[in-house]
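Starting off with a structure, shown below.
Going by the order they are written in, the chains are A, B, C and D; count residues from 1 in each one.
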């Protein structure tokens, strides 16, 4: 079918390719002319036959919001907008309302798979009405991985449910990555283990902990043995924070995912005010030596 | 090749079958005559040609220790004992010494894969000398999953390294399971998500969190929707505790795996003394109501 | 000085008494006629000379909001409202705006000390303009504990700062209580310790961990040895949740306070969906026994 | 009464002074002649009338063990040794046995209060027989803080119980310090709070979180505003590790104290292998940028 695709970055670019390979007619728009098929969102709208389906794949937050506002101007009643970015689910309701006031329908779609999705397909979690999801199903069917539809695609609920499911997915991802990483660090600390990298490699098949992430960890270690070239400074892109906030809101105990989130925060601090206070306290009551800033050059 | 196999429980029974299918001659011993090939360990030793290789697959701790003591009596110089159970790695050195005093060699082998190993193969992590590992390699090659040897087998280091790697593997497993489970609970708590089970199913393909455990979670939910039939009471079998103890010993921060371990402890308490104390404190300073035991029937 | 006081519950009732003992003229209002000095908020306003100062000491959230709306109707330009409840700091700005539109000034005041404040004084953290704080200072001086003003009172910043400081105070309180409680549980689990209660009592003087909360823990154990009469079910009143949410918002690692918050959530669950999922997973891969609901009677 | 005191460091030196002020005859030994009363342990034994009481106040571990071995040589049947250091409780049994073989009695004593104990007294937790504790009671009575004996002293149980109680005390201390420090960091991160230090000061009186540690935190901030002069690098001296190990051994959930322990480990790492692995994984699946070592100068 015909699809407008806004945003041709790492994710959108690959999705356009996968969709075209799958036989769809994709008109892509991106502010960078070298990758864009059209010059503007207005041109994009003009290039599509109504009723149109337009997939938004841009950074979450302000950029997504501005894009949806702009699409509300160039699209019309009966069109359908799909937000495939990592938007917070709380933004989906307002976006659906804003578009709905012009008769434009809305689906939120969580998309997983990263740079590997082009080849392996993307895990999809979508929220919206049955009719809207049915309408976009040919697109979803091409993007999702081969195999049983229920294994790589879910219509998770009404508007918001797709991004909610994706948010939880990413929260889990934080916990999984941290569990593997803690194990890696312990292996590396133990003299008995001749080659931690070989152990990580050996876990990719047959073990209980085998997974796609486990394979990537083995691959990463092959490319950079001992992680000698990179620092532990680790960003977070929102979903982890939102997941813990949702857990608090629902009174769900979430110690594991929260711990992995806090460790990312700590990784970005040059020094920890908390630990400065702890160190100062030890010195106060015990006369324990502290590390002066001047020493810790 | 010829192998003695002591212990024909859930794991050993399947391993005998996989090894026989692979063309090995296995003489199995188990105290339960209905599964055992011989009547005693002495008979087992008698049924094997020297130099013998005997695999021990019995519960860790006392049973393993008694078995190794007994094997020291019936085996002789040049024989090789492989402890494939979940022994703590600290027991491997003493066992190697005990057997070594009689000229018997020793390998510790961590075996992963559970009840699925019969069909899919077992992930193997072994510790011992190069010569001993080479000698038992035909057995390892049959037990491990198909594919590249480095993806399902590792000679992790000297005696103790196999069980150490398996211990860390299981510690990671605790963290992974808990991360998935926290996500499942949050999905279940959110009204937007129509069917948490369908989301879990959809994550089995294409997503970043896909894994064998993720597939098992989907399977478990199919068999018992909403986990209505089971309680949260969860045992632990030692490796999680040992992993955190090793982390402490090596000064490795391990918040995620430790949190998953503590949650298991808590799951087995009828009521929490810690929370009783917290509740009593709130009542003391704030006059906040507490739940009396008599009310909480 | 003259003060209107809205809300004569556990906190407000005692504060009225402390203020009157301190020589102030307090007109209290409460919907319960048996404790109220006047019949309505309108009567309260009528009983005070303009410019009035009115302290609000009612449950946070809806009740506080409704009270502030009602006061906006009966008070006038130049009056001053002090919200002494446990309101979330994000509500202070809107309340200040709402009142400010009528020329009414606003202070937010965090009040600590619980039922003991009547006798020992209340720790106070306030937010507002210098002029407003100076105007209410005679009230603060009577409510705060004896001693140096800087040791029991702080003008923490502009509107919102008082409740923010109180929120953090309560977050810390969660962590402190949990640390004591974990120690208590461990003492109780160890056979070497003849009488855990005696140890808790002995920590009230001379030790590094001595504190007011530590004294209350000793007192609570005297009143209910072994906490035999109460359950671990523990409420939370908002500040702990907000503190962790603020930590996430500021990217501050907060593992200790978060862990104490999550433990409260868990204490209120009859069974843990997370642990059900973990238990089901163990059963899937290992054939480990699970506790069926029918067994766990 | 007469007392031998081995070890005149920060703690022992002050204790000698407090005991002498209390009317006891103290013979102190330390390898540093400038503080020692005698030249050797043999001289110490010679200077005391049998049956002797000798208090050992030296670093835990090897030094304590060597000291006890040496005392076994110079003391005799009927004498009493008190280990007042921070020994792990598991060492008390062997020490009691070692001394007992020569007819020498043994008490383990946990001593809290740090450098402030000279003036304020030391919180004491002791383990041993009733008779031995009664014999040393005049010493304990002088060392403990003024007031009710039960508020600063406890005979916690048989040999080992004193150090066990002290270990748990210190574990709690880790959690308390971390809770205060997390709150301090959050206050410091929030713009609404004009002066975090003033808030910390204001919490020293009247609040629920007031404590001796809270007072020390305020004092430390006065001495080094913003903790500008010290780093967050924080040692741990064993008790925190042992407390978490005991929790694991007793299956006691201990998330708060464990989190504070792990944060200390992390504070001493230049970079975190765990976070390197997490960062590498993010890069693998998402193409997310990593911080190269070369950039992070």
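We adopt the following convention: contacts are C-beta pairs under 8 Å (C-beta built on N, C-alpha and C of every residue); 3 or more make two chains touch, one makes a residue touch a chain.
Quick caveat: nothing in here was measured; it's all calculated off a predicted structure.
Listed here as common contacts of subunit C and subunit D: A, B. Distance from the centre of subunit B peaks at C, each centre being the average of the chain's Cα atoms.
Taking A-D and B-D together, the pair of chains sharing more C-beta contacts is A-D.
One finds 38 Å separating the Cα centroids of subunit B and subunit D.
In this assembly, the C-alpha centroid of subunit A lies 46 Å from the C-alpha centroid of subunit D.
Residue positions of subunit C with contacts to 2 or more other chains are 113-114, 178, 180, 182, 185, 189, 208, 212-213, 252-255, 259-260, 262-263, 266, 272, 274, 285. A complete topology is adopted by the chain contact network, contact being made between every pair of chains.
Remark: subunit A residues 10, 113-116, 177-178, 180-182, 184-185, 188-189, 212-213, 216-217, 219-221, 224, 227-235, 237, 255, 259-260, 263-264, 266-267, 271-293, 295-296 touch subunit D in the complex.
Touching subunit C in their complex are the following residues of subunit A: 208, 241, 244-245, 248, 251-255, 258-259, 261-263, 265-266, 268-269, 272, 274, 285. The touching residues of subunit A, counted against subunit B in their complex, run 89, 112-114, 117, 120-125, 127, 144-145, 147-148, 150-158, 160-161, 164-165, 168-176, 178-180, 182-183, 185-187, 189-190, 192-195, 198-199, 201-214, 243, 246-247, 250, 252-257, 259-260, 262-263.
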